[in-house]
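Please go over the structures that come below.
In the two assemblies presented below, chain A is common to both, partnered first by chain B and then by chain C.
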Partner chain A sequence: MPRSTFCRSADHALDRRAFLGAGAGAALAANMTALNALAAPDVNGALKKAQKRVILLWLAGGASQLETWDPKPGASTGGPFRSIQTDVPGLRISELMPKMATRIGKTTAVIRGLNTKNGDHGSGAKVMMRGRRDESGLRYPDLGAVVAREMARADSKVPDYVTFYTQTEGRSFAPGDSGFLGARFAPMELTTNNYPEFIKKLDGITDLDHQERGELRELVGKTFEKGRSSETMNSHNEAYQRVRGIMASEKLFDVTQEPEKVRARYGKTQFAEQALIARRLVEAGVPFVRVARAWWDSHGQNFETHQEMVPELDHVMATLLDDLGERGLLDDVMVVTLAEFGRTPGINASLGRDHFASAWSCTISGAGVKRGAVYGKSDALGNKVVAEEMDAGSLFATIYTALGLDPNKNYHVGSRPIPLVNPGIEPVKALVK
Partner chain B sequence: MKAPNPDTLKAVKDIQRPVITFAVARAEGSPTAYFGCSDFKVYAGDPTAAKFEPKELYAHESYVTGVALAGTTLVSGGYDGKLTWFDTKAGKTIRTHDAHAKWIRKVIASPDGKLFASVADDMACKLWDAATGKLVHELRGHAEKTPNDFVSMLYAVAFSADSKLIATGDKVGHVVVWDAATGKQLGAVEAPVMYTWDKVQRLHSIGGVRSVAFSPDGKALAVGGMGKVGNIDHLEGKARVEVFDWKAGKQTAEFPGDKFSGLVNRLAWAPDGSWLVGAGGAGEGFLLFFDPAAKKTLKQEKVMMHVHDFAMSAKADEIVCVGHNRITVHKLG
Partner chain C sequence: MRLRTLLLAATSALAPALARAAEVPATAPIHKAVDTFVDAEIAEKGARPADRADDAALIRRLTLDLVGRIPTTGELDAYVKSTDPDKRAKLVDRLMASPAYARHQAALFEVMFNPEGTSRGGGGAFREYLAASLKENKPWDQMFREIMLPNEADAKLKGAAEFLRGRVSDADKLTNDVSVTFFGVNVSCAQCHNHPHVEDWTQDHFYGMKAFLARTFDNGGFLGERGYGVIKYKPTKGPERTAKMMFLTGATVEDPNAKEPSAAEQKAEKDALDKAKAAKAAPPAPKFSARAKLVDTALKAESAEFFSRSIVNRMWHRFFGTGLVSPLDQMHSENAPSHPALLKWLAKDTTANGYDLRRLVRGIVMSEAYSRSSKYDSEDRPNSKLFAVGKLKPMTPMQLAASLRIATADPATFDNLKPDELEKKIEQLEASARGFAALIAQPTDNFQIGVGEALLFSNGDRVQKELLTDGPGTALGRVKAIKEPKEAIGFLVRTAYGRAATDAELKALTAFVEKRAGREADAYKQVLWALLSGPEFRFSY
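And now, the complex of A and B:
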């Protein structure tokens, strides 16, 4: 049967796959439709039923491990804060985190041995969002895009990947990026406020108008489709369906829908409200939400900065974990605290700490993580990792495994298989249930 | 007595230290100074001696950020919230108590030697009887939260020369003058330029009033800090001093800074009131001399460290600066 083209002109008898194949960047531009065709249909089917989700608390600029998860009180590098005992025997964290200190055993694994070798904001952020460096000509998808790809429901009426990054500093260093997974898994980026204004129905259109316009578009579309076969058409229709679904989800972003006592519990700071919206989103099935809290880059007055910001992190993180637990979501929702790097043990003349990627910390809570686990050890001054070192790749392999994903699972870009993490990288089993 | 001319300032000693020294106190006429340090310890030593050999006296549980002397009684305070009373003659600790719920930022003694004052991030200024150690007054006039709902900090405190007035300054630039005898608030002035809240780029703050000092007659109050900061990752605001007629609540002089960036951590007036000296820093430090009456900057001297505190002799002819990994001695006249 001859292939049907839009205008029946021989000049345009070029199908989409052939078009993509013709360009130099063809493989990189492979979109969701192509990936769907290449992925085994049963892959992750069972997991999608359980649908794990992730909230990434992105501590942009680089929070200090010494003022959070790996304090060194009394050391020359330790700074002025004391450590406090947590509910995990032998584990002490900064006194700035009293709320998390009582919750780690039931919720969280602490990783103290990150050596990610990149102390630059821009490239460090990319590595820590993707788990590896891009290759020349190959842009890897970030954690959000992979989770969206793996966990999104086919019939989802909510966005798959949402990222809040309201402060301007560092935003361009770590934009959400779906890489070779294509636009289908690109994030919905909220930068100016907590509400995606562009999904609102125009005030001048009534609900009935809106519905009738949609029905008319469908009618015209179906008439046009008759006798034609086109992936582009299918993708177009799918996109419309998703936009309508997302428009219907606008209330998810409206924090005023929450009872006042819940809002008060989280607090009224921007970070707190965005964390609460993140909970609303994952509860509704959004696979990945990043809440970026900038800006921790404390080259001057490190202790003042952390005195201001860590208590907020402690409160918001503890409240979020409590809330998820009370709603029965903590086994399915993972909360990660991560940044592009940590901060130097050395204290500079401005009482600041500088960029440092050789021995820093992050946490993973909920989902399939072994709660109360502590992995990695830095030396007495915090200058280097002396046991159980992890790099970005092993961290991502561990995150994927704790979400029930096989980190060796392959995507295909053209005919090239691309695993979720680089070949040979293993998850840390001690951190996974 | 006429104060020495700031133009005669010269550095005579530069001592390298393995620690950050946050506070210094020195009794008039004594070569011995007392130092509060980042290794949590309090030391005694003569910085003018040919060889500086500090002796460790005792330790806190965090940075020691305030030391003050009244006669032979030394009181130190730190980020552990504790005040320790030490008899320098007997070489013994008298008492240690939990004085504040949060970091103690500064400890000073009244010029008449009857009171100690401590300020802390619990936003209280506490006055202590120097002889008995008993709490005399708890002064509360600074908000615990900034207008942006983050914790505030109470950095600065000073007595007037007659010991009757106390001034306190906080993170958002609010400065209160108190009656030392009654604990009542007498006035307030504002230095909001010294507080930078970055709502758009970084969502946190930097700055604050870091130093206050009454003129010898008690009529003028100098306030030190840093001007508005563009990139609050760094102490890049210009070193800033404002002078107020505190009774009228009016600013009388403003020194916005031009040469040096960073915080003005310590201020003192010449005994004749003819000039005002401020010290502080960021990556490096400074000593700045002003003539508040003429509204003129008299001298700006680079110091090879971020200066956290200094002790000036009664004649203003010697200044011992302490700070990041160094102690320096400057002479005037």
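And now, the complex of A and C:
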């Protein structure tokens, strides 16, 4: 016998049984592929884990690790800022982050040994959003799409993957991309304001007409669907079934719905308001929200740039973590700070720092992450990683594990099994609870 | 090789229907061959095929597949009413002769060459090359030659170079894209290790293909090729190796002069390249062109199976919605075709007939297998790989956008037009539909329609302004003059779906309108919306 080319893993068989047992229609049972399993509402309940959600604070352009998580005060590469002691013994971070300095132990793991080998904005962003390089002929889904795929409910009344990137700098370098997972998990991209496109009813139609024409659509469609079977047709109908729910989630995007006290606590900057909206979204069950803050690309005047932007990051991140904690969400919501790369220890003639991917930092807070863990060590000047190095793959394996996902879980593209991270890549156990 | 053993075993114990199929002569018309093989497999599996699609469904399917839009109600009515026994062949020939055929097929080929969009070359010049080539029905092997060995001095052929040009900066991508597009083989797994699941594909195959292509480079906007250069790679085990130029069949090509040039030669080469750059011309071709060797090897009788099977499989996929081998880029021994003998027959026939794509397309769409209904009124639905039931195909962005334009126009605006006037009008509609098409996702295998599309249809002002308008020349404008709601509903259903409204539809839709007495115009807009956003419109069925 030639080897089977379709997924026959035990996992899949189990899902399939669970699904059939739930008494679903025969139309879906035929020819079900791994990718389509989630399309069936009854399967979804069986597959769903305790739903974890992620907020990614994307520091577009590349924030400096030396002015944030891995300061080198006094070194020739150190720059003018001092370091301060945090609530984690032995861990000092930049003085620009006094609020996070008192919160790391209860919330956050700091990763200081990223060596991701890509110092180009476009391809660096691709790698850091996907955990791997796109292969020729295969477009990988990014973190948002994978989390959406794993955590979203098929009948979800909220979007699965929302990304805010309102500033223009670098936006085209880092679009959200569901890759081979397809349109079902494609991001809702917000680029002009804090409201998604097409989420609001047009003025020219009454709400009742809008609702009732949807019912007409279903009714007329029923005639056609009889005797016909297609996964794509199912996804078409599901998409329309989700419209009214998603429209009803419009208010989630409206920051003015929050009490003035909460808004004042976050602050009224765009980044802060989007972080607050992100909290509203994950609270309502949106699996993945990215808030991009641009533009950290400080080839000139690195220190002025960071003096302005790091305190905002410090404040927003600390407030977000406090808020999530107070709402009892921190065990289910992960907050990641990440960028396409960090910045050179060497300071250039314009007092800037350039692109640098050999020894930089990021953080993971909440969910299944070991709070207060510090992993990775750069040398005295910050030029290279001397211990506990991580690349994009091991970072993603760690993130997935801390979300309760098996990084070796396979998707199938045609006949080819594609694990969440490339084969052989392990999560860092020291970072996971 | 296990596959071959299996096939041999299978042929020795043929069921009668399969035995008949095995005897299809090489001279049989394509549609007869298709039906013999497909029917034999259906009989073998004891399945019952769906009925033939009715005339209305068939003309819709053919018009969408061949020229990329739904038929006008005029075209549809004429076809349904015609009692000419040859009407289907005449329809196919008329559609295939129209300029819209080349336009639509070119758009499909463009997606095949650039599935990720036009960022990798393509766009204007490449599309024009494809459209011109398909218009004159250029043989597929000739197109392969022109794309792989582009003559940039010829203004008419220049656009063909875009495929390579968009990829020369990344030889790995170029290698894989050439293998996928022309040979249906995705060798990318074999880049880092021998393929874990496919014995056929080893690192030697990936780097062997790369050796043909890695000498190609960009010289000031023109493609150049070096006459030297070797590909080395580190296998998963053992020392570094030098890759031989090796085609997917294992056939190798020797390059006796493959050595690095001396300093003097390098200087001469650089001067020649600078001169070509300054003259804005292609650099001189090398004496030994590795890329030309690849083309020659791929088309040689003993290795042309990859080339011919891949194009046959792709054309089959285009019209049936699934390949004989699926996915399209996994044509290897571990992934057997659903109909091995049919694929083989079609590949042979295509090669023997000069890679004539029109002939192949005509044969496919004239088959009974192509004309089966997508409706199957029994729970016992045959396996989709049997092609016993028509498959729903989501429309491409342009098919959908152009069809929306047709369905929202007053059908009377198409009536009484001479054929070339109709062509022109449709072409204008297509042009005006491009903006909307850009908002729709390109379908792929296992395509899922996202909520973004449903939100666009539900709340996009383009839908409101471009489709649900009731100005002169629109279907909704026409409805304003109809007094009786039932009649207006019947008219809208006919315009959108090309069929009469069912009783249930008439009842529900009329009730919807009557409930909105005094603002009927609004009500009809929403009725039309419900029709256009439904699956019966979204899919080719």
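Here is the rule we go by: the second predicted complex is superposed on the first by the 385 of 433 C-alpha atoms of A that agree within 3 Å, B and C clash if a C-alpha of one lies under 4 Å from a C-alpha of the other, contacts with A are read in each partner's own complex, and residues count from 1 in each chain.
Basically, a residue touches a chain if its C-beta (ideal position, glycine included) is under 8 Å from a C-beta of that chain, and two chains touch if they have at least 3 such contacts.
Fair warning: this is a prediction, and the values are worked out from it, not measured in the lab.
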Simultaneous placement of chain C and chain B on chain A, clash or fit: fit
Contacts of A:R132 with chain B and chain C, given as first, second, both or neither: neither
Touched partner set for A:K370, first chain B, second chain C, both or neither: neither
Contacts of A:S76 with chain B and chain C, given as first, second, both or neither: first
Which superposed partner A:Q301 touches (first chain B, second chain C, both, neither): first
Chain touching more of chain A, residue-wise (chain B, chain C): C
First (chain B), second (chain C), both or neither touched by A:Q270: first
Which superposed partner A:K157 touches (first chain B, second chain C, both, neither): neither
Chain B and chain C, minimum CA distance [Å, superposed model]: 23
Of all residues in chain B, those that touch chain A in their complex: 18-20, 38-40, 61-63, 79-80, 103, 121, 149-151, 153, 200-206, 232-236, 262, 281-284, 305-306, 324-325
Footprint of chain B on chain A - complex, ascending: 61, 74, 76, 80-82, 166-169, 267-271, 293-295, 297-301, 304-305, 307-309, 311-312, 347-352
Chain C-facing residues of chain A, complex: 1-3, 5, 26, 30-31, 33, 35-36, 39, 135-139, 159, 182-186, 188, 196-202, 204-205, 209-210, 212-214, 216-217, 219-221, 223-233, 235-237, 239-240, 242-243, 246-247, 413-416
Chain A-touching residues of chain C, taken from the complex the two chains share: 2-3, 6, 116, 170, 172-173, 175-177, 180, 186, 188-189, 191, 197, 326-327, 329-330, 333-336, 374-377, 379, 381, 383-384, 391-392, 394, 441, 443-461, 464, 502, 504-505, 508-509, 512, 516, 522-523, 526-527, 529-531, 533-536, 538-539, 541
